[in-house]
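Both of the next two complexes hold subunit A, though its partner changes from subunit B to subunit C.
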Partner chain A sequence: MNPLDKPPVQLGLALLTVLVLPLVLKSGILATEILIFAMVVAACNLLLGYTGLLSFGQGIFFGIGTYAAGICLTRWSIPVPVVLGGAALLGALTATLVGWLSIRRQGVYFVMLTLAFSQLFYFVAYTFSDLTGGDNGLLGVPRPSVGGTALNTPWAYYTFVAVCFVTVFALLVMVTQSTFGRTLIAIRENEGRAAAIGFPTRLFKIEAFAISGAVTAFSGALHAMLIGVAPLSNIEYHTSELILIMTIIGGSSSLFGSVLGAGFYLLLADALSTVWPRWLLLLGLVLVTVALFLQRGLWGLVERGYDLIFRRGRSIDSETPAKEH
Partner chain B sequence: MTDIALQTHGLGVKYGTFHALADVDLRIRRNSVHSIIGPNGAGKTTLFHALTGRVRASSGRIELDGRDITNTSDDDRVRLGIARSFQVTSLFPNLSLRENLRLAAQGRTPWQALAPWRRAESNREALATADEVIGRLALGAVANRLAGELSHGQQRRLEVGMAMASRPRVILLDEPTSGMGIDDIEAMKQLIRDLGRDHTVLFIEHNMGIVMNISDMVTVMRLGRKLVEGTPAEVREDPEVQRAYLGNMITGDIA
Partner chain C sequence: MIYLFQVLNGIGLGMLYFLLAVGLSVIFGLLQFVNFAHGAFYLLGAYLTYDLTMRGFSFWLAMPLATLAVAGIAALIEVVLLHRIYKLPHTFHILVTVGLALIVQELVIIAWGPLGGSVPAPAGLQGVFIMGDFIYPQYRLFTIAFTAVLAGLLWWLLEGTRLGAIVRGGSESPANMALLGYNTLRINTAVFGFGAGLAGLAGALAAPIRGVEPFMGVEALSVAFVVVVIGGMGSYTGALVAGLLVGVVQSVMTTLWPEGARLMIYVGMALVIALMPRGLLGRA
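This part shows the complex of A and B:
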């Protein structure tokens, strides 16, 4: 194992990210958005990288969290911690349902089912506009306040999200290191064998979905508070696609890869969109490059760089590109 | 407890209208080595699938230690003490040999593994089992290698080890020597004989040398039915067996 994949190192890198972002970025909104999507992408990675499930349903959970925050905070004055907890719970329940129905099929059919659910939930949100605001979304979602002061400046809210991010990231590291996480890897490697040695593999996949859904919805709620709106676009199929693209760019072999993926995408989008309105075209090229030459994503590149600098000559056998997936 | 570990009564499996297995009565004695032989298509692997619960029996009954397990799911049967190895090697290739065995040992208490806060290392029993099996397989030197990087013979032994790690009472081995070289076969033979001392071993094998050498009982199958059953000597002498399947192969005792 590459030393960079060790849990304390991963956690250290996450902490470092939280500290470095304010130093290099002018916009607190962008920095906060990076942390929010880093959580979402890490949750997607739990399914894609660890369990081997390519889910197009992540936008559902993100949207559910967004609406949970939007509805609770604009209609009633429910305390923010309760809203965040409730959003996570609702996300977990929705993900359990979607997961429970989708994992009945494998491969392409599984992917298509998650895609279908994604469309389904989008139209549900679109249709029940009394609750969700339909096309307009829900406006005027307030920021949380800590100790009586509202976190109205971007960097104040960034601090709030940063604490959430580090906590969630640490929890996800714990999950991947647990006997549960290691069983997920076994299921990804060889599901038939995992079942033959006694693991009820479906239950493990559903639980992975639930955890992923909880984190994603939690982040969705934070996002609504960040932009002050609960927009319809958060539950759109496009969001699911965005999350998957970030996950793949970042690399699915480690959790910090997800932070890289989210950061890289959002920073690139921010830079490119100011120079050229058709910037998505360039992003397409980036994705093609990753798919063709960097199958372990940005994280794979980091690992290779580390090996080149610190472990030159030694343990060449740990560098086995044949095992890329 | 009875002396019979595993028993079937009139076991049958249908795929559509095709009877892959019909009217099979088996009585496997505790801590014995019992082999199943027969030509391709005789229903040997289907029998294993039915015994492990991978396919459901369409008729008949299966009993483990006198307890009816006909309708028990495959993972529940693992917990009750049935484990199997596969004819085609089925491992976790990108995980280390030790992790493969740790997972197999953890498979006995899978609900524990659903707790996302519990560290894998906290299950000392599973770790100890993994190390014990590594010792019995004589694979200590490669315990930290990835399973996918092991030689074919080592992978086949690990395949048997995966079944051993769930601490089963009954262990089903589907052609454990398939594709092996002579040296590896000898090691596998020792391993199966060693297993038979404290496990009930049921195994499918094409290598008659091994079958005649280490089996306590042999069941010959043909076209989904039981043809003959007896000690190796009895089966060897049986005229019907000689005519139907084995011919001269059966006289060769060399492994």
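This part shows the complex of A and C:
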């Protein structure tokens, strides 16, 4: 095992990120957004990197969390932890349903199904505009204080999200290190064999979906509180696409790669979108480049750099492309 | 009477969905390649038709030109880029084709602006068809007839000719085809161009009906996926049945519940998957 993949190292890197972001970024909103998407992308990575399920429907759970927070906070005064917990639960339930239906097909069909489900939920949100605000989204989502601490400045909210991020990241690391997580990897590597040993592989996949959905919806709720709106765009196809892009760019072989992917994308978007409105053209080129030359993503670069500096002369195994899922 | 119109509208729409899905299906069948840029080729076909008719070309010239141009561009992309990544996991197919779709979409916005436009029905088909109480736009009738003929030709091409046999043989075993002396690289390029050309043609035919706008590719892609999921990948009949079904359901629902019409497509898909995981006619 690469020393960089050890749980304490991964957690240390996550803590470092939380501490470094305020030093290098002027905007607390951007820093918070990076942490929120880092959780979302890590949850997507649990499916892609650990279970071998390429889900094009992560935007569903993100949007569900966003709307759950938007609806609860604009209508009633429910304490924030209850809202976040409720969003996570709703996300887990939705993901169980979507996962249960989608894993009936494998490979490419699975991917197409998750994409079609993301369209389904988009049209649900679009159609039932009484509840979701339709095209306009839900405006004026408040950000109540938590346990007597006001969160009304960007950096105060950043601190709250940072605590959530570190907790969620630690939980995800624990999941991947557990017997459950090891079994997911076994399923990814050889589903037939895992089933032959006696693991109920479909149940494991659905559980992975539920965890991923819970984390994603939880982050979606935090996002609604960040921008003060529950927008329709959060449940759109593009959000699912974005989450997947960040996951692959970051590299799916380690959870911290996901943090890198989210950070890279959001910083790039922030820098380029003000300069050139058609910057997505450049993003397209980045995606092609990553597929051709950087198949292990940004995390692969980190591994290569580490090997060059600390393990000179030993075999570098980081250049083999990811295995067929 | 209104239902007759909607069913006819649905058949026209469904035939376009069929063209999209068959292109996607042929590409996947032969190349095992997931093409998320399929919607972008549809978008390009529509915009090239729009551009040519704006320049004063007749629609009858613009439609085939746009189709051939899309097929050519796609074949070029295959030669330069895509053939390098066939062997990689599907993740990277998706990454590259999503990237390509973004590039095409942004280039379309740069070239023609973000607002889109409309394409007039071609000369000779601008009026309505009247028979007693039955009144229906001529262009829509034309698309139904034209795509029906095209569907027949496609069936013949794929099932009845040597070319189709090569394509099907390649889907079964590319190595055997190479052993038999076929240049599989060239076949791959041709089939990719052909599949993308079908998407381009669907776009060209759709342009006078629904106009053009830069984001029409995304919707087309997801509908093509729904059709393939319901009909079963690699099944010509499946794509035809599912395409028509989706088109008619969407059209009829437009009368019954306008806001939910597109939602119903996806609900229908979820039901089919829950009851018949392999799709209506799927083999895989």
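Quick notes on this one:
FYI, the second predicted complex is superposed on the first by the 311 of 325 C-alpha atoms of A that agree within 3 Å, B and C clash if a C-alpha of one lies under 4 Å from a C-alpha of the other, contacts with A are read in each partner's own complex, and residues count from 1 in each chain.
Assume contacts are C-beta pairs under 8 Å (C-beta built on N, C-alpha and C of every residue); 3 or more make two chains touch, one makes a residue touch a chain.
This one's a predicted model, so the numbers in the text were calculated from it and none came from an experiment.
When both complexes are superposed on subunit A, subunit B and subunit C end up sitting side by side without clashing. Touch criterion met: A:Arg182 reaches subunit B, while subunit C stays clear of it. Counting the residues of subunit A touched by each of subunit B and subunit C gives the higher count for C. Within the superposed three-chain model, A:Leu292 lies in touch with subunit C and out of touch with subunit B [touch as defined at top]. Residue contacts after overlaying the shared chain place A:Pro8 against neither subunit B nor subunit C. Touch criterion met: A:Leu283 reaches subunit C, while subunit B stays clear of it. In the superposition on chain A, A:Ile248 makes contact with subunit C only, not with subunit B. When the shared chain is aligned, subunit B comes close enough to touch A:Pro200, but subunit C does not. With chain A used for the fit, subunit A forms the apex of an angle whose arms reach the C-alpha centres of subunit B and subunit C; rounded to a multiple of 10, it measures 80°.
Minimum Cα-Cα distance between subunit B and subunit C in the superposed model: 14 Å. Applying the stated touch rule to the two superposed structures, the overlap between the subunit B and subunit C interfaces on subunit A comprises residues 323. In the complex of the two chains, the subunit C residues touching subunit A come out as 28, 34, 81, 84-85, 88-92, 94-96, 98-103, 105-107, 109-110, 218, 222, 225-226, 228-229, 233, 259-260, 262-263, 266-267, 269-270, 273-274, 277-278, 284.
Per the touch definition, subunit B reaches subunit A in the complex via residues 52, 54, 74-75, 78-79, 83-84, 86, 90-95, 99, 103-104, 106-108, 110, 112-120, 122-123, 146, 148, 162, 165-166.
Within the complex, the subunit A residues that touch subunit B are 174-175, 177-183, 185-186, 189-190, 192-200, 203-204, 207, 211, 323. Within the complex formed with subunit C, the residues of subunit A that make contact are 48, 54, 101, 104-105, 107-109, 111-113, 115-117, 119-120, 123-124, 126-127, 237-238, 241, 244-245, 248, 252, 278, 280-281, 283-288, 290-292, 295, 321-325.
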